[in-house]
């Protein structure tokens, strides 16, 4: 724009940045700097009380030769695959049905949100009681129905799905609320037009609602990917990563190496790998959604 | 609106789901009214009388709980307020204003989303040790303020507001801050409420950071405080007490949620016009 | 093709009653125009027929079916929204095709209909734009086209031409008229434009404050307005309303203005209630005349040239403002003192209740 | 307030409501109650000292580590014997042996197990509170039914074969599993069983401070025994800790493998007429199934983190506190844990406590891992995981032992 | 009060040029109407002046200041948006007061202005409603009121009356005209309504496809359209355009229609280029006449009664459609065969380039 005097324009622009500045300061102080610190740590041999020396990429080489770590990577991915799509879809479904002023909807919304308020300790405790084959709720029901109770948490193949169910029960509130907020932004007139266009519920959903909230859909997926990649408390408290490491996620690995084994450098390296994985997953998702938007 | 009626199948499914959702919740509640000894012998005794208030009495008998609740409230509310302010400002900046390096900065903030707590927590701990900030509310709140989620959410939300509303305000001579504050912010109330709930919740339930930052028991938050009162085998020997603690810890969030939820669904639709 | 029956329908927003027990029967294939001041409830009524607003009382039938409990999509109506309500994320073509796809119309049939409607509304070159990339008038045309392609039993159009320029408006109006003739679809059309109402309507429904003032053919409405409200609402420029007293009543009524001037009307004196009256004179039946011999004398204040005719804003000696009409090339100038001639066979009288009394209709 | 402040950090939970003001130690019950009462008593007896009691969630090491990293060390901390070496090696603890000697507490007064737990390089790094081991908790009612009582005493196995035979007899007669074990969400007991029965075969678990020695026939035999028990359905399965406790309390099996801390609870149950354990509870050290009579043990200790800023007055307060605790070791032993002082074990008062006489020999048989082995906590987890995998049949025993050794060595190499 | 100068301004959306190097000078205090077909760029131009669209080339001055780098709020303009753009969460009163608060107008002054504007636009009873609870016309009035209260140097109004009924439209139009007179504010007004354009404008700017076709007073535009486009765009019903050949050129031009009929015009023959021409005749200068002696004979197809006048849609013998006008009480009926009389002094000729040639202006 030739007509714009450059000096003036820059002055305006810099003041615009004032809006993001407060956040950026905190962001740099609490994320960028610590992340860089962590990256540096990952190239050292350290514990919490000091650094013994620089070791280059040794920690990373060790990680990729560590079968336990590799297993945690797979476990984490598996868990994300189990939970994220379900959380997004169920959250959306709940939001769609409960997006109305009626009293019953408010009550149901509260019910679906209520589990979110519990801390991970309580959630896992309750679900352990549910899954317990000996006297748990499921086993009581199964026996009443004449079946043999299944030891979900002691079964290598069922433990992770059981943790996934627990997690979905626990976390469904957030995606629901996010979708609810997004649905508020869809102009009512569009639904009216669609109703007159005789659009079925399904088509209204796919052609009106989803396009209108697709940014939130991407947001929910990204957020959930990020959250679920950081799975920690549930397996720590429900299975201790077992049986046979089947539910050990990366963060538990990081925790154990860092805080229990005092191998801070090694734990930092694992944290960097986790960061890279989340980054890639989130970016792929972001890229997919923004590409769709561009079209 | 007539055509908004809920499909009976959907309604049935959702009611069933709600019941399933509630079973464990009721269980928690029921357990909290059982004597620990009875539960130790058999957790299924929860289904039968007698019930007792003993666990709650024990809970409040320990006067510390109130201090921890205060701490948790201060930290959670402080963090919620901070996050709402910072995220709204930044979200508006990223969504509506132009400044050099905007898109690069936004992408960097987005990358920040991917940073797991584990990758930064040690460095944060050491940084705050350097400035001797541990065992202060500031140290408990500060890391939570940096979460990029709020910025991301608010940016998305601001972007979805029709631009001609800004334009009208521009012509009304409103400053950028005024447009933000008076015109757009009221339209983001559903997102504010969502973010508020989310932030409060994660602050309230956060365990790991307060555990290592607030090591003085005067500064314990409720989660850390409650955990500290537990014996090694609390889940066996004090199951009812544990559940009473869970109920106590969960109630404030539920109240916060109930307060916010009406703003999520009742707010003015962001899009102008009927 | 179905008629519409409204039977005592009401609508309230909170405490405000917007539509009050309104009844109306529209014959199948009829073209009805709702006319009424802003905020009188036209859109609300249309939206109730479409099923977009709940009905707080009364019932609605389309064809033989009672519809007030049916979903909008099940009523077989198409609507053009006052604020367009285009799907922002769809192209113009998709906007138009959406309803047809939902009805499982075959793809080639969809293409044909879309092309035909786009052609008629001159939006062919815009078909692949997003609807957010259109000008106001273009959006409005897309909204009309979207309704047209559906070939419904009943068309509801809410001020569908308000953002079009005169020429396009005329063409579109013609297009709608032809559509109506060709398909025989029942149409309900909200407009504030007289010309539109006059040219399109089989019948005009004049609404006021949630109720019906008059239903009738355009000429009925114009020539024999049931009430003072209708008379003053229909007609542009507005009818001149002058307080009068009934002077001597022969067979026809003779009235006296406030300033003493006597005017003869063609209103039968017989069925006229006693008391003060209001005389209604449309501008086009007040013409400038030679000063002497004219019943009224006035001073010209503003001369409004509209091209093919000229409006004269004048005041009588006692300050009463009147609008009169002259031909397009009028020689009258502001400040002139002129006489005014009145066509008695076009004068209306309104009694104290606002009810109109009109000259016997010709032929 | 010019009192000297003593910051004491501990686990064992909080019980302010019940014992917040109690100074009558004898009236207190349970770990938390006794601990709280002793500390209250100390404060009452030492008005010039203000004790700040920082209670942390079990086991509290994450928090302690963070505190030490932030130079915010408490004056005294409860610490497992197996962990002391980690902190000691990093110079994070101060030795207390010399100080203790000045108040008349010398290492020779400790039991063997307690002394070994706090001695590194000839120095004493803490005051032992107790030792604890896993025990053989027996439901004698069921044993009677199974015909495994002789002279009013349960018949305990003396070899793996006997164990299996008795277990099968038990199972046949009662229809219930011989063993009750917490195997779900729980690895520690796997590790302890494994350590104990390898130790009983006289084979060292570690060849030196950096090398585990798990690929041995002895290790194989230890795992094989438990694998057999499980395979023949002679144990409860898929119970977590709480379920196992409940199960044993309800007469769900003959022998519960759990630690010293449950003695008190089960003894109480045995006095309750409604309980399945009514008049039917006995407890013993682990039976000797192999050559040597040893049991893996650990213990709780008070240690003093290094703090250059600690004043003389504070130091003195620490000493008084430790001395006071040493004097109350007998009170602490009512928790069920083994006393740390040999004199207490020999005292009639302790022997008069329920079942203690049968447990006295533990003072000699209890054996912690060698002190030079660091990172015992994570190692315990690894060993438990692999043992569990082998016993459950997820892996072959040899594979599990190989993995175990590799993983433990990996930890030890990288210290 | 400031004039506006547009100097070669351009605007592109991607590859599409919407405004193409347009220059225009508007005097201070002038009332200018932009007229042009839908999608020609009227709104875009207005938004560029307001500062809501960036300028891709050229410059804009308001008063003495160059403004194209200024923020919209700094330009001292008020705008009525085509789609209203009311603040959905504010009441009507807050919507109106918002701009004034920003300008730190004292509270009582705000109240006064809001009340005055609300009164003028008849939205007093709505002041405390949320803007989402209004009918279309009500919203539009609020949008106007919101602009009025600001008393800016420059008013930009984008089809501000499109959703108002005739009577209200007239009153509002008058309100705006009075405002203009009272304050002398410069006003730029987009409309597609002739009458509005004619009655309000000091000058009309006819736009077509991003460029200016003609700038002139309303009568100029109506009587001497510079191009065929302007002639056909301005005037409702549309001008009749007939291909003719110039017959014998005396002083005035005489032309021959395709069907051989001869028509005399008052266009000076001298400056007329040779070749085929188009004859432009507005409906109101074609009147029914006795069959014999009339230059044209036609059959009536449609009789459109507009109240005060009647439009006759007729076809000549060779099928050429023509619109003629008769008085409101016309006796002509569809199917009649009538003669048509033409006023020569109102006939226009357009050459092959579309440029217009007009009769010498009277007086």
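A, B, C, D and E label the chains in the order they appear, each numbered from 1.
Just so we're on the same page, contacts are C-beta pairs under 8 Å (C-beta built on N, C-alpha and C of every residue); 3 or more make two chains touch, one makes a residue touch a chain.
Computed from a prediction, not measured in an experiment: that's the story for all the values here.
J.: Which chain has its C-alpha centroid farthest away from the centroid of chain C?
T.: D
J.: Looking only at C-beta pairs in contact, point me to the busier pair out of A-D and A-C.
T.: Pair with the higher count of C-beta contacts: A-D.
J.: What whole-Å value do you get for the distance between chain A and chain E if each is reduced to the mean of its CA atoms?
T.: 58
J.: Which whole number of Å gives the spacing of the CA centres of chain B and chain E?
T.: Once rounded, the distance between the two centres reads 57 Å.
J.: Distance between chain B and chain D based on Cα centroids, please, to the nearest Å.
T.: 39
J.: Could you say which residues in chain B touch two or more other chains, in rising order?
T.: Chain B, residues with two or more chain partners: 1, 3, 42-43, 126, 227, 235, 239, 269-271, 273-274.
J.: Which residues belonging to chain C are in contact with no fewer than two other chains?
T.: 51-52, 71-73, 83
J.: Which chain D residues touch at least two other chains?
T.: If we look for residues of chain D contacting two or more partner chains, we find 62, 66, 69, 243, 246.
J.: Touching chain A in the complex: which residues of chain D?
T.: Touching chain A from chain D are residues 61-62, 65-66, 68-69, 86, 90, 92, 183-187, 236-240, 243, 246-247, 375, 377-378, 381, 385, 388-389, 392, 394-395, 407, 410-411, 414-415.
J.: Name, in rising order, each residue of chain E that touches chain C in their complex.
T.: 13, 35-39, 42-44, 82-83, 133-138, 141, 158-159, 162-170, 192-195, 198-199, 218-219, 222, 232-238, 282-284, 304-309, 325, 328-329, 362
J.: Which residues of chain B touch chain E in the complex?
T.: Its residues touching chain E are 162, 164-165, 167-175, 178, 182-183, 186-187, 268-274.
J.: Would you tell me which residues of chain C are touching chain A in their complex?
T.: These residues of chain C touch chain A: 47, 50-52, 71-74, 77-79, 81, 83, 85-90, 98-99, 101-103, 146, 150.
J.: So in the complex, the part of chain A that touches chain C is made up of which residues?
T.: Against chain C, chain A makes touches at 187, 189-190, 192-200, 203, 207-208, 211-212.
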